[in-house]
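In the two complexes that follow, chain A is the common piece, with chain B as its partner first and chain C second.
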Partner chain A sequence: MTAEQSTDALLQVEDLSVAFGRRAGRPGQQVLHGVSLQARAGEILGVIGETGSGKTTLARSVVGLSPVTGGRILVDGAEVTGLRGRALREFRRSGAVQYLFQDPLRSLDPDLTVRELIGEPLAVAAGRAGREERADRVLGALQQVGLDAALADRLPGQLSGGQRQRVAIARAVVTRPRLLLADEPVSALDASNRNHVLRLFDRLRTELDLAVVVISHDLSSLAGIADRIAVLYRGRLVEQGPTTEVLSQPLHPYTALLTASAPSVRREHDLHPAQLRAGLPRPAWTLAQPAEGCGFAARCRFAEEACRAQPSLQPRVGSREVACHHADDWRAGLTKTEPMLTR
Partner chain B sequence: MRTLRNTLRVPVARGALAVLLLVALLAVFGGQLAPQDPLAQDTAHVLQGPSGAHLLGTDYLGRDVLSRLLSGTGLSVAGALEAVGAALVLGIVPGLASLWLGRVFEWTALRAVDALMALPFTLFAIAAVGVLGNGLHQAMLALGVLLAPLFFRVTRAAALGLRQVPYVEAAELMGASRSWVLRRHIWSKVLPTVAVTTAQALATSLLTVTSLTFLGLGVQPPAPTWGGMLASDLGFLAQQPWAPVLPGVLIMLTVGALHLLADALRDGGAADAVRPVRAAATAPVREEKADAAVAA
Partner chain C sequence: MPLSPPEQAPEVLAVEGLRITVNGGRTEAVRDVSFTVRAGESVGLVGESGSGKTLTCRSVLGVLPPGCAVAEGTARLGDTELTALDRRGWERLRGQRLGAVFQDPASYLNPSLTVGRQLAEPLRVRQGLSRSEARERAVQLLGAVGLHQPEEVFHRYPFELSGGMLQRVLIATAVAGDPELLVADEATTALDTVVQAEVLDLLAQLRAERGLALLLVSHDLAVVAEVCDRILVFYAGEVVEDGPTEQVLAAPAHPYTEALLRVASIGDWGRRELAVIPGRPPEAGEAPTGCRFADRCEYAAPQCRSDQPVPLRPAGEGRRTRCVRADDLALAGTGREEVTA
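Coming up: the complex of A and B.
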């Protein structure tokens, strides 16, 4: 991966803000605050964050399903944020961007066969492929995701969870997309299926030169396949950078807490969750509603007066970015008295 | 299509379809099949039981009951079909549109339907006939308008939950048009409910012809209909207690067949889920191989 901020990024999200429910004069609930990130062709970008941090909203705004209130999104150099009506439909029919829903069972019509489901994106964009070519591409997509062609006449209800997820992936790749957004693709799968699906992403991005954005709340499932990781906390990007560096040397206390809490992530630093948890009592301002300053302050052991100002995302060596006033000095504040349970 | 094919696999559905086909034939050719003139009166032989001359007897004006039943099929069925057809169009289209055409249309349509449901049927029919003039078409159209809320509600209820379903959203993400989503994803879910409701509404309409004829609306005497015969026969129960049974049996057969067909249609949609996959025994092995190939 090149270190410089390349402009040939397939997905470029710039200062994206999203707010919901701006209705009847009430101010909307802001879900994303100025998030910027990018993904290049052939790269897997992992987006991690806890429930409600805005991961899904981020992916949905790329395909035009979230009300974007600020910033812009570029796919392959073309802005997609302002697309409406016919232009939006044409963009969607091109199949350049595919969104993989969280729940494969509910995102596949129970009345259609696997063949019909996978062929649907091609059939919708009629004229882009003839009937025979469509049939060929459906079979090709099935093969690509490692499903037997004999499954083509089954209904989603007759498939296992892992097979369903692969049918959903086959439907996404049948249009030969440039960008694939996968929302929690493995959270509903058992360990072996999870590995299959993750390895499938790894294979597809080299075969199709795809940019893949994988959204997950589970650090360990991302650790193995993502080239870069972006960490979201309460709608703000708190840290991003190459996976190995982010996981081994987290710059943000929240990332550190995540890596320390994940049992299966191999890490060189010896951080224990207890060392990072905030002590009591908390400074009163961190509990104020609406929240002011750094969003993580209420849970951060190292929060102090300077954190009342919202930290901006600062570049660091190795194409890393972090949004923390104490990114460089919080480690010095670690107490060594906590017992090391890992030893 | 799959639902229809599954439906035809059910023996009951085939039987019901045969009955309906017979009714359809009677509706078209009933007039020609009638052994006598259904309107010819014979005041010397009124209210007679079955005999060689009149296989099913005669009514209170001495008209041949069998001929009247046969030639009345067309009007009865056509009337019911017309009413339900109007109700289907007036109910289903706004029902689906209320979900996709925005809040203003939705609110207006819902209030219009509430108003229609609150109208007393007889009053509305009399008013409609008063405005449009008396005749079968006018009366059936009025009936259709009054049945439309039923279809509106049923369609809307069936489609309401589907608007936010991820597979509909997924189709929109593929750039599918509204009509594609409706045809491909919504219609197959709404159809079974609509089919059952249609059978029920057809049955109601067949019987409603009776009450309309009673009021002197719709089909005018002496033209025969099943409902009209039922109504006039009821006046002579003391003389011929079995007479209403004849049109009654025909109505019952038709309605029963419709209901069975609708049930089969509904089950046909669900049959996919329970139907075992062909060659299920060999399939898993191949799937595992496929999995192994991916892992390699």
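Coming up: the complex of A and C.
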């Protein structure tokens, strides 16, 4: 937990742990280990990490869709972990938190028109809005996401991928949420539509004073809009801080490997991924099951004996945090640019 | 970084005047596509979905979806005319002279057989190896594609391996017959960034070691930029520009390429205004006359909207463009500087 943890954070995740399949006498599969992060109103937090790192589980925890086993989550100062039954239903229906899925074709009902889809969350928030107000707000939401009102009577199948994702966003913002969780919202889109949707987030967070959490694997475009970046590896937060600093001067070798691996039309990264990939053979302990020590050790070029102890997240200057024993000295261990063909 | 093939290496693949129809011949999806791939060279096809890049690559593999057909044009692999092949002809080619990898590796493997068995079986059938020879060769191949402990991996079932490992297994299968051409159709799209870079490096390594020609299809200009010696930019069923990667990226000769470059990942970690391309591509079969990009092009002029298709014409050494105004425009490139490694 950071020193500057403040109550004005709209989303506050504290020491969150999640385990699947846990029953009496069985520990289950732990997928998040003590993750702490926050997002303020008007701020975009980017969450990056590979498949299975816990990004989606983290986002789903906030809306009560993951089995939380430790820690707590506060939205706008109110604890939402442990909500059950009526309280959970009311929290969800209030529309204060909205969740956006990767594939709008599968998350939008194919038999409802755009108008019905966007109006539905308002109808569910019972008694919130009359028929006329609802119609107004549907049109307002369409306008907000830059869609022509003429599309209101189309079905999702009659829209392009980019339009569909904007309908999903209109559906999310129509309830005037405080927090928007977007799980890989652009990975099914081509580059132009991807930028279109990300720009939309950038505009909406200002217009609606919205906190936005965006999970994405396209680092370069995410960097264009996100204020801060949190890097997850195997269920642990390994680094977080202001976007430009984290991505251009990574403190964790995994973040460095990610940025060096990102394809670019301009190759000007200072590091080549081959400089950061682990050499072979690996120290035996890094391959032990269950894993011991730093989760990244098996793939880390700089892992050594000290890494057998789990590194904790340490605060750094510039409101950054990193969990690596060698955050300060791994760069010194870099060899000169290697020929690209070495494995 | 793209490796340069020896000048004038023999042509492995030559596609000429390709036209592909869908809907049982009623709709034209691809027209006037011509290009060559030389031995050891890597050529990238890039464009949005529906631009025709995948149909073009599938026609080279003889795996066009139902209802799609090559209506005109030729495609030669070495001295074999592909468009005239019957089923048996294709069978002789695929896995031998022609290898391919696709987007979703898990769906190309049988979930109930070990990956080793699936790799060894074609070796026995195609190359007539004995059971133990095939096994030995399979383990060797698994090692060659960078899988650690290949003897271990040989006995694994697909569900026990990660997406990146499965894609390596499929690459091993694809190169098992020492093909002249490897086709990679969105082969790294579903992989994590770190694994994608590893697989792209593997493809480069195989090219260098085996003199393999590579035809890479991707919607991601950045991926193509990292891997390919030459690129072809597809838009609405046509090639709008092609040429050596460095030159095309540094100084595009078609406004669509310029637009793609603006929206592509540029490896910049700062806050910035993200660019978009206004409008959307024409639907398949709409086939506007004149320049197909004109409606979305900021440089469009009256001469772009003629009633004739715009021909692909030379634009400098080894480059072609389909823009009628190419000579009047100074299009912005990446300002990419060659990194000397």
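By definition in this document, the second predicted complex is superposed on the first by the 322 of 343 C-alpha atoms of A that agree within 3 Å, B and C clash if a C-alpha of one lies under 4 Å from a C-alpha of the other, contacts with A are read in each partner's own complex, and residues count from 1 in each chain.
Here is the rule we go by: a residue touches a chain if its C-beta (ideal position, glycine included) is under 8 Å from a C-beta of that chain, and two chains touch if they have at least 3 such contacts.
Quick caveat: nothing in here was measured; it's all calculated off a predicted structure.
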First (chain B), second (chain C), both or neither touched by A:Gly146: first
First, second, both or neither for A:Val124, with chain B first and chain C second: first
Which of chain B and chain C A:Arg92 touches, first, second, both or neither: first
Touching partner for A:Arg106 - first (chain B), second (chain C), both, neither: first
First (chain B), second (chain C), both or neither touched by A:Ala262: second
Touching partner for A:His196 - first (chain B), second (chain C), both, neither: both
First, second, both or neither for A:Gly157, with chain B first and chain C second: first
Doubly contacted residues of chain A, that is, touched by chain B and again by chain C: 162, 195-196, 199
Residues of chain A defined as touching chain B within the complex: 63, 65, 89-95, 98-99, 101, 103, 106-112, 120-121, 124-125, 145-148, 150-151, 154-155, 157-158, 162-163, 195-196, 199-200, 203
Chain A contact footprint on chain C (complex, rising order): 1, 48-49, 146, 148, 163, 192-198, 200-201, 204-205, 208, 219-223, 225-226, 249, 259-261, 263-277, 280, 334-337, 339, 341
Chain C-facing residues of chain A, complex: 50-51, 160, 162, 190-196, 198-199, 202, 217-221, 223-225, 243-244, 247-248, 257-269, 272-274, 277, 280, 337, 339-341, 343
Complex contacts: residues of chain B adjacent to chain A: 2, 165-167, 169-177, 180, 184-185, 188-189, 269, 272-273, 277, 279, 283, 286-287, 289-291, 293-295
